[in-house]
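Letters are used for the chains, namely A, B and C, taken in the order the chains are written, and counting of residues starts over at 1 for each.
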Amino acid sequence: MDVVIPWLPSMARGLQTTLWLATVVLVSSSLIGAIGGLAIVNGPRPVRWFLRGYVDIVRGIPILVLLFTVYFGSSAFGSGLDQGQAAIVALSIFAGAHMTEIVRGGIGSLPRATVEAAEVIGLTSVQRLRLVVAPLVLPRILPPWVNTAVEIVKATSLASLIGVIDLLYATNSAIGTAKHPIAFYLTAAAIYFVIGAGLSRAGALAERHYRYHEY
Amino acid sequence: MIEIEQLHKSFGAAEVLRGIDMSVDRDRVVAILGPSGSGKSTLLRCVAALEEYQSGQVLIDGELIGYRTGDGDSTRRRLGDRDLARQRGNIGMVFQSYNLFPHLTALQNVMLGLVHVRRLPKPEAREVALQWLERVGLRGREDAHPFQLSGGQQQRVAIARAAATQPKVLLLDEVTSALDPELVGEVLTVIKDLAESGVTMIIVTHEVLFARDVAHEVVFMDEGRVVERGNPRDVLTAPQTERMRAFLRRYASNPAAS
Amino acid sequence: MGYTFNWTIVFTYLPQFAQGLLLGLGITFLSLAIGSLIGLGGAAISQAAGPGRPVVRGYVEVMRNVPILLWAYFAYYGLPQLGIGFLDNNWSFILALSLYAGAYLTEVFRAGLAAIPRRYGEAAMSIGLRRHQRIGLVTLPLMFRIVLPSLSNTFIGLFKDTSVAAALAVPEVTFVAQKVNQDTFRVIEAWSIAALIYLVVGYVLAIGLRRVERRLQVVR
């Protein structure tokens, strides 16, 4: 196991990239999901159709295919995106589709009666969203959101295949010199596990805090 | 044929059966009545070897049900799966919620015990099963799945399933309690038919009038004990105990209450 | 800068795409089969009280939090270090994907078993069926019907995960698309075809599986 130690700094830098990539994608995909989810429920029909198509197509193809398409495809039109940018764009598109579905499902699970009650009081749609819909839907979608966050972290590992120097890339690169693959892969696996399990744990704690969402 | 001696059963700290003594002779029908929580269903389930009991005995034809005695009379061990299955195979039970296997047709439900427990060859099992379905009035519906049948029809299939393997005793646990009122009659008809053909039965029921009609003996239970017993007419028209009278006031005048 | 489309040259690669698709489906089936065995075992152990339960729990948690790509590398580059060097890239990936699938399927089957109402098991006991009969004639058929939707989703998910095998140079669809891209530089055509294959196959599988679900009348 000591063979790993000299490489920990470089793996740590890779981990940094992984976490940064995951965070950016999580934020952007959550935004896409929030807007897309609302639009797919309340929007005009062409918007709904477009979003439905977006979600179904993106979720029907593997992440890796999407990643390669964005990366290699962008270079076909102009100077193209660099590895990091391509990874962010591709993963955001992918996760955004998942988030849209999650938000759509969350909004859909809200009983019509609750929304009508808010309408009847005289709240505008923005007020309804802020005061009634969001507080009820957000805790509801916390579990699938956390699951998607974990999937995003795992998906960042695919970016190593287009040359992004993330944790997995750094791990492979270390193995290239130091050999002894098992020790390195186990270390990397342990790191991914801690991140994923930690996220899930945090999510479970947060969920317990918001018990009132049991409607 | 069935002897229940000083049966005690607890669920954790709650004692549900507090020393039940009962005996059922061959070809006789015993009806057990009583309020909810009196332990009637638990008693039945102990006889069916579906529940363990802490002390006392259940004997069918002299065989201890559910347990094997050790060298001394005090040591007693639960039977293994094979022996339990053998005992249960000779005891037929019909449940309040029918419990028909949803993935099998009515015919397949009835055939299951015939093929896998009685080890009949398939064609013969099929014949027997069809005859039983006819007897309970479901000829023509043998290929229906449970979800396609009404509650009364499902319960009649359940009765056929329990009776087809010719068990020594048929146990019926509030088999009409979950049915819509208009479906109760068809099930009671089937049970009466079986009783008249000489099947040994223990029936737990709320249908007081039916009990009077069909049973050779009525047992009234309350809070884990047998409070009164005797032949139907005596018990139901001239009850000895106040608790029995109270029960009859509640149930006999309002048959829909349960 | 303009982009000149050239579908004809890409179409010459269709046979390779087809072979890649077959390979991908084969990997998916195998991984699903092996994963199901693992999953059934895992679910059975989880059900019974005993020392095995935390082990299974640990297995599931570890497999689900770590990227499949890492497991694929582990199988292909790591195992030889232990002396297990006879697995080629295909089989290394199948091993990794099977274990990955096994973790997800353990949860699927566990939930399925838990969803079977107790009264059916009791009815089976009351007829006099022995344990192995109850399991084979009642529990497993009911569990299978209950988990069919989740099983279908897992199946389609596994098929998409086979794209990661390209990292081990397994010649399935994604790898072929990479190759076409490198050879011909027809980015859009190559990747459109790849995407289309996954979409269509996924759609066909979904429709087919839904029909099976309806046939088996997933009723309770």
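The criterion applied here is as follows: a residue touches a chain if its C-beta (ideal position, glycine included) is under 8 Å from a C-beta of that chain, and two chains touch if they have at least 3 such contacts.
In this text the structure is predicted, and so the values were computed from the model without any measurement.
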item: Higher-contact pair (C-beta pairs counted), B-C versus A-C; value: A-C
item: Chain separated most widely from chain B, comparing mean CA positions; value: A
item: Chain ID, smallest distance between chain and overall C-alpha centroids; value: C
item: Distance from the mean Cα position of chain B to that of chain A, given in whole angstrom; value: 57
item: Between chain B and chain C, centroid-to-centroid distance (C-alpha), Å; value: 47
item: Euclidean distance of C-alpha centroids - chain A vs chain C, Å; value: 22
item: Overlap residues in chain A, where contacts from two or more other chains coincide; value: none
item: Touching residues on chain B, where the partner in the complex is chain C; value: 48, 50, 81-82, 84-93, 95, 97, 99-103, 112-113, 116-117, 145, 147, 161-162, 165
item: Chain B-touching residues of chain C, taken from the complex the two chains share; value: 119-120, 122-131, 133, 137-138, 141-142, 145, 216-217, 219-220
item: Chain C contact footprint on chain A (complex, rising order); value: 57, 60-66, 68-69, 72-73, 75-78, 150, 154-155, 157-158, 160-161, 168, 171-172, 175, 180-182, 185, 188-189, 192-193, 195-197, 200
item: For the chain C and chain A complex, residues of the former touching the latter; value: 1, 3, 61-62, 64-70, 73-74, 77-78, 81-82, 160-164, 166-167, 174, 177-178, 181, 187-188, 191, 194-195, 198-199, 202-203
